[in-house]
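Given below, in the form of structure tokens, are the structures.
Each of the next two complexes has chain A plus one other chain: chain B in the first, chain C in the second.
Entry: the complex of A and B
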């Protein structure tokens, strides 16, 4: 099979459209994962077992099943229960929820690394639980976990092709469409790989910088 | 057990009243029916071997530990109980929050907030819990820093301070909430010997200049002697002996007190 530069140039705009959507999905899913992960982590530490137990179960359940199955479930099974979601929304929810169970573990470790004396000092200065989280615990727990969170961001980015299974027109799906109609796979798949690699390399540089910046701060 | 209060009855209502207090950690019984009163303005030193329950008492007063039985009253109100529907029930978090405003605590390991400047360490709680405006909280914080001799460190981060300086900031932080009762839990134990004096000086001034009630857990017998109106000697969760410092340190009557003080002196602590 010969590499055809003209064909490659021809399909690049379509793939870049897909890349835009891929980046958007990554960003939105990352926000969902970051926020929901924090909610999971805090909820699992709740005093009341009525909160902590169900959340623990949910987190373990989601982490213990494949993302692809969850995506199919959200997109193809939930409509049977009357919940009909557009592909993009279903994808962001699916990926965000799945990665939230991983970020929750990162948050958990970060929170447990905050010395017990900090909780006690917050209590002794009569802060409420909410104030303790917002002003004492999280500002100390979050910076050291930023590199680990960024790692999951890269992983999440690389898993977006799974969304082609639920008809989201991200980069991989665009490439498949191109390939299916032209019967040429080498250019679209190579380009997808190159684009992913390029973005990942940028992210890795960013990650090194984050590690340097916040790793030091953690000490 | 020795009678609870050395001062005559009816002087004033006690600011702290501890009755039949019990505390267990799992199978380990730390306190077993402990009772004593503290009068307003009294400076109390709690001494005794490690594991005798002294620190646990302070931590229970600060609501850092739950009680296993008995009762504590602070400023005339039960600490771990509250009235609901005409009955006394275990206190909820709102009641504990309400009660904690009477009490401040200084810890052995300072526990400053490392991500906040010295000034922010002190102003955080007054601004959050009392809604003080920043300007007012900072003005008060500067007064307190001046009192502990660290006004020039207001903008420093805790990591830039020596242990003694950290502890003086921690004292200022606790004072910023204007508690009626201050608890000092082995506040010099984590310090290098040459840094102990500066912290003790601040506490001496505080004791002399305010009418705050102070409870001090310490191994610094010399300081306890100077600081306290009354010394309680604890062993195995009980008060073995109590009285004015002259009596406890120079004429201890109980054999266990004598042994403890001899050991402390042998270990190089000043009396």
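Entry: the complex of A and C
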């Protein structure tokens, strides 16, 4: 078991190719998770039980089943119903939807944390529901959520290797392909670990900045 | 030069050290083998029992060597050789065809299972593929193959770019992806495709065999280079079984030709 620098240098471009895809998937899934999560959180609080109940059920259902099972379902089962998604799209939908159910809970915590008086004040000043959400509740609810949301962003990033199960050529899959023909795991797997760590550290710094910049609005 | 030294070193090593591996296996009562799940080469039934031509031959040979049982673990083709080197398996018996680069990494036994390559295609072969080169020539064609399998390597060698060689985890997924139109071709050995086609019972699919320009390959049981003595002992028993016809009695019901395995040799297939 010896580290071979020449081999490591040789496979780096291939792995970086995979890293690009990993980052793209993370970015797209994070957007889906952030937006859809908010939709879930707001819909669960809807007055009408016809909206709140099914959404609650859907969220609990997705949150309670493994992501890998969902990915297999989206990729291999849905085509039977005529829905044929390319691997990347299937992956983004799978991960985005799954993480949306987690972020929905974060949003819920943030929203419920806004003092009751704020809702009453909004009603007293005759704001519409839309105005109440957009100008009173969310601006106060979102900043404290940033650390928790950031946590899920990093978790999501690190779960992208699951997509190798549905033939997405992200970084982990690229590393496996390299190992398949070289019979060496030490360099590809170490490099994948290093790249993930580097990206996570960079995103931590970015998210700290974000927290610092926008977190203050809550005060 | 390096290989000469290695051979010398192996020959010079005391016989006691060599015998150790087999003694260890006898003492523990089983050998750990790596398999895929690709009938008829290797098959795992719903109850977990392992069959298929490669494990059946290995089980019999190990029995004759005094190792009563084999314990199989399912692995991706590409992970088998690293797993062997990491001492997770004692042998690979999975239809891992001999190719010179694999022969350089492991110690193969004499040939066991031989088969040509085949394509699983939509009915009527709409794009007219007959070889791996045809797939390389069509810029939109995608081919499915097992990760680290012979077909993946053949496709890449024929010049199909990496992004059009889709790594398929198992036969069932490959079949499904072809039916869904995610793949234009799914490639495996002839007997594996026949098996898959028979199980799928789908009139919209057909098999093309053999693939033009892809020779007949043979697998062997693969051992660690250090366990060459175990490999040699395996070869002795395998040769006896080939002689007596017991070998044919195991592999022929699965559709493999015993004569094909007996008409070639490791030296020839490994290009030694």
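As a working rule, the second predicted complex is superposed on the first by the 205 of 219 C-alpha atoms of A that agree within 3 Å, B and C clash if a C-alpha of one lies under 4 Å from a C-alpha of the other, contacts with A are read in each partner's own complex, and residues count from 1 in each chain.
Simple rule for what comes next: a contact is a pair of C-beta atoms (placed from the backbone, for glycine too) under 8 Å apart; a residue touches a chain by one contact, two chains touch by 3 or more.
No experiment lies behind these values; they were computed from the predicted model shown.
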Partners on chain A (chain B, chain C) - clash or fit: fit
Partner chain in contact with A:139 - chain B first, chain C second, else both or neither: first
Geometry of the superposed three-chain model: angle at chain A (Cα centres of chain B and chain C, steps of 10 degrees): 160
Chain B versus chain C as contact partner of A:84, first or second or both or neither: second
First (chain B), second (chain C), both or neither touched by A:181: second
Partner chain in contact with A:165 - chain B first, chain C second, else both or neither: second
Contacts of A:173 with chain B and chain C, given as first, second, both or neither: second
Closest Cα approach, chain C to chain B, once both complexes are overlaid on chain A (Å): 49
Shared chain A contacts, counted only where both chain B and chain C touch the same residue: none
Touching residues (chain side chain B, partner chain A) in the complex: 62-64, 93, 97, 100-101, 103-105, 107, 109-115, 124-125, 128-129, 173-174, 177
Sites on chain A touched by chain C in the complex: 76, 79, 84, 87, 165, 167, 169, 173, 176-177, 179-181, 183-185
Complex contact set, residues of chain C against chain A: 76-79, 81-82, 85, 105, 147-148, 152-153, 162-163, 166-169, 173, 176-177, 180-182
Complex interface listing, chain A residues touching chain B: 115, 117-118, 120-121, 123-129, 131, 135-136, 139-140
